[in-house]
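In what follows, structures are represented as structure tokens.
Common to both upcoming complexes is subunit A, partnered first by subunit B, then by subunit C.
Entry: the complex of A and B
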């Protein structure tokens, strides 16, 4: 067996043990570094490299060589500019610096809630997509041509990127499990994000509460379907659900609009054998008791909050990730950064069910001190044995 | 899903009785695979 293969088996076992509720040999590390970070770190032009994705292997290789993780740190971007440009996207637009910006948009008008509730997918295809993607707002023939090009571009790029990262996963002996497989959203977040927009949805829950609740109900089966990975059920999979709006709404609105369909989503995926990985964005401490109610072994990646409280309330049932503040990697000394890793491991690692990760993705190289980042990863790799 | 823009294989078969039963099992994963890819693409456009 090659060294890489043996290493891969060892790393895979770390994640299997955590997901199986066993104590692993060491705290696994699942740190993905963003495509933007990777390109900047390799000293390449951000805009050019996102168009020239065939050249990304060299960029990803450098990440694999310089940063210790147990899963492949190189992530392909869902925000590939190619299909967005072909579609005339208003929701994702490349800035002059090369970053894909996400302007506030809305594709559903308030007087279209009834049409959306009657058939969310028809409404998406007929009304919402042509509004957000300007090149689709044309005659049926031209629309078909644009859609065909964008569909092919999206899958071509995704598949070639996947093959590239798979090659590096095998070469460097990363665990093939532990990462993200498919993406879906909490139904309320889906309605809020690009259908009604952040500003509109906060008014809608007062003006049209029944329609908002019905829209969330109507779209739930679609969000469940979107969250099913293209493989048989596995306790080692991860359906990624980034959670957005809950910290920005009142408790009673959370209870009425957010929680019921979100819980149904996670419950039904779990019942089919597909565990969810939640990115618990911002601070969910006021909802911590709700999180406990989710199916056992739901993966929860926390941004902010109280790690001690989370360990105490959720740590025996769910799998905890996150909390390490990437801001410290910029402002702290190497010693302070390592002390923070030690502090979090002391709190979160006992009893297992813990995977080391930062509180969010690192988007730019100048948002952290690279030496601190490397020192923290090395510290966890060498000092977080059980 | 209550939509005219996504069909399961069974729904597709019901609309296409001309399909040879012998070929249906080999056609299904390919045909339905593209249906699923289109669904995944559409959803990604709004996430």
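Entry: the complex of A and C
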């Protein structure tokens, strides 16, 4: 067996053990570096390179050479500009610096809630998509051509990117499990982010509370369907659910609008055999007892909050990730950065059910001091054995 | 004349229906400009209550967004009776989301709260270049420059604005506050801003401290 193959098996076992509730040999490291980071790190132009993804292999390989992780650090962007441009997207656009972002837009008007609740899929297809994706706002024949072109581009990019990263996964002996497989959203987040906008939803929950709750219910089956990975049930899979609105609303609004359908989503996926990986954005300490109620072994990647409290309340049931503040990688000394890693490992690693990751994705090279990032990853690799 | 305390409280409680009913009845009674200015003041005090409830952890960002919208709607109702005699501004702020970042919800919350506190706000929008900040500062000579961003890449863009203000000889003429998800004390020092906050209500208080 080659060294890479042996390394791959060893790394895969780290994740399998964590997901099986066993104590692994070492704390696994699952740090994904974004496509934008990779392009900048390789010294290429961000805006240009995203249109020329055939040249990405060299860019990805540099990450594999220079940053220690147990899963492949490289990956293509979920926000590929090609298909979004072909669709005339308003919800994902590129900034002047070449960074794809999600501006505040809405595709559903307040007086259309009833139509949405009656038939969310039809409403999305007929009303919402042509508003958010301007190139679809045309006659049915042209629309089908636009759709076909966009999804040809989407799949071409996905497949070629997947082939590149797969090659590197095998070459560098990364674990094929531990990463994200598919993405879905909590129903309230979907209604907020994609349909009504962050701003409108804050008024809607006061003006039409029952309609918002009904819209979340109506869209839940679609969110569940979107969250099923394309393979049979497995305790080692990850349906990614980036959580968004909960920390920005009151507890009573969370209870009424956010929690019921979010819990249903995670519960139903788990009942089918698909574990969820939550990005617990911002600070969820107000809701920590709710998080406990989710199915065992739900992966929870925390941004802010109290790691001690999380370990104490959730650490025996769920799998914890995150908390390491990437701003420290930018502003701290190497010693401070390593001390922080040690501090978090001391709190979160005992008893297993912990995977090392930062508090958020590292999106650009100027977000961190590269040497600090490398030093922390190396520290965890060498000093987090059980 | 309506009970101004009731109005202030209704704004603080974010009771949109009550607020708009009271204001519509007030405008229908054809009030004087002076009376109308008092009502505007009561609305502004209501926004201060909102800020206090946010500080206490009873309101959250979503409530602040709604409060900003409520205030805008309230002022729209009052516009026909406020007249042209603008109340004196307490100071001015040049505000924007920095280059590379398209997020503006936090910026807009800060904007509506600082306008409610009596500031003149020059909002440059999103993805604002350093040169656009410099040009606007030259033109309107504000007391405060406010920079916002959500992505971590915003921190370098903020630093760049501070450097460009230095080069233009304007840095010492303004106070600079930065806000948004990635800002920290350390980031603030590296950027060379005067203050940072992740709390719009606190940001307004910081600006009030500078102009008082």
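One rule holds for everything that comes next: the second predicted complex is superposed on the first by the 386 of 386 C-alpha atoms of A that agree within 3 Å, B and C clash if a C-alpha of one lies under 4 Å from a C-alpha of the other, contacts with A are read in each partner's own complex, and residues count from 1 in each chain.
In the analysis below, a residue touches a chain if its C-beta (ideal position, glycine included) is under 8 Å from a C-beta of that chain, and two chains touch if they have at least 3 such contacts.
Since this is a predicted model, take the numbers as computed values, not measurements.
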Contacts of A:305 with subunit B and subunit C, given as first, second, both or neither: neither
First (subunit B), second (subunit C), both or neither touched by A:207: second
Subunit B versus subunit C as contact partner of A:330, first or second or both or neither: second
Touched partner set for A:253, first subunit B, second subunit C, both or neither: second
Touching partner for A:226 - first (subunit B), second (subunit C), both, neither: first
Contacts of A:185 with subunit B and subunit C, given as first, second, both or neither: first
Which superposed partner A:28 touches (first subunit B, second subunit C, both, neither): neither
First, second, both or neither for A:155, with subunit B first and subunit C second: first
Set of subunit A residues, in rising order, touched by both subunit B and subunit C: none
Subunit A partner contacts - residues on subunit B that touch it in the complex: 1-6, 36-47
Residues on subunit C engaged by subunit A in the complex (per definition of touch): 14, 16, 58-63, 65-66, 69, 99-105, 108, 126-127, 129, 151-153, 155-157, 181-182, 184, 186-187, 189-190
Subunit B-touching residues of subunit A, taken from the complex the two chains share: 78, 87, 107, 118-122, 124-125, 128-129, 132-133, 150-151, 154-155, 182-185, 190, 193-195, 221-222, 225-226, 230
Partner subunit C, residues of subunit A touching it in the complex: 93, 95-97, 99, 101, 103-104, 198-199, 201-203, 205-207, 245, 247-250, 253, 282, 326-328, 330-332, 360, 362-364, 366-368
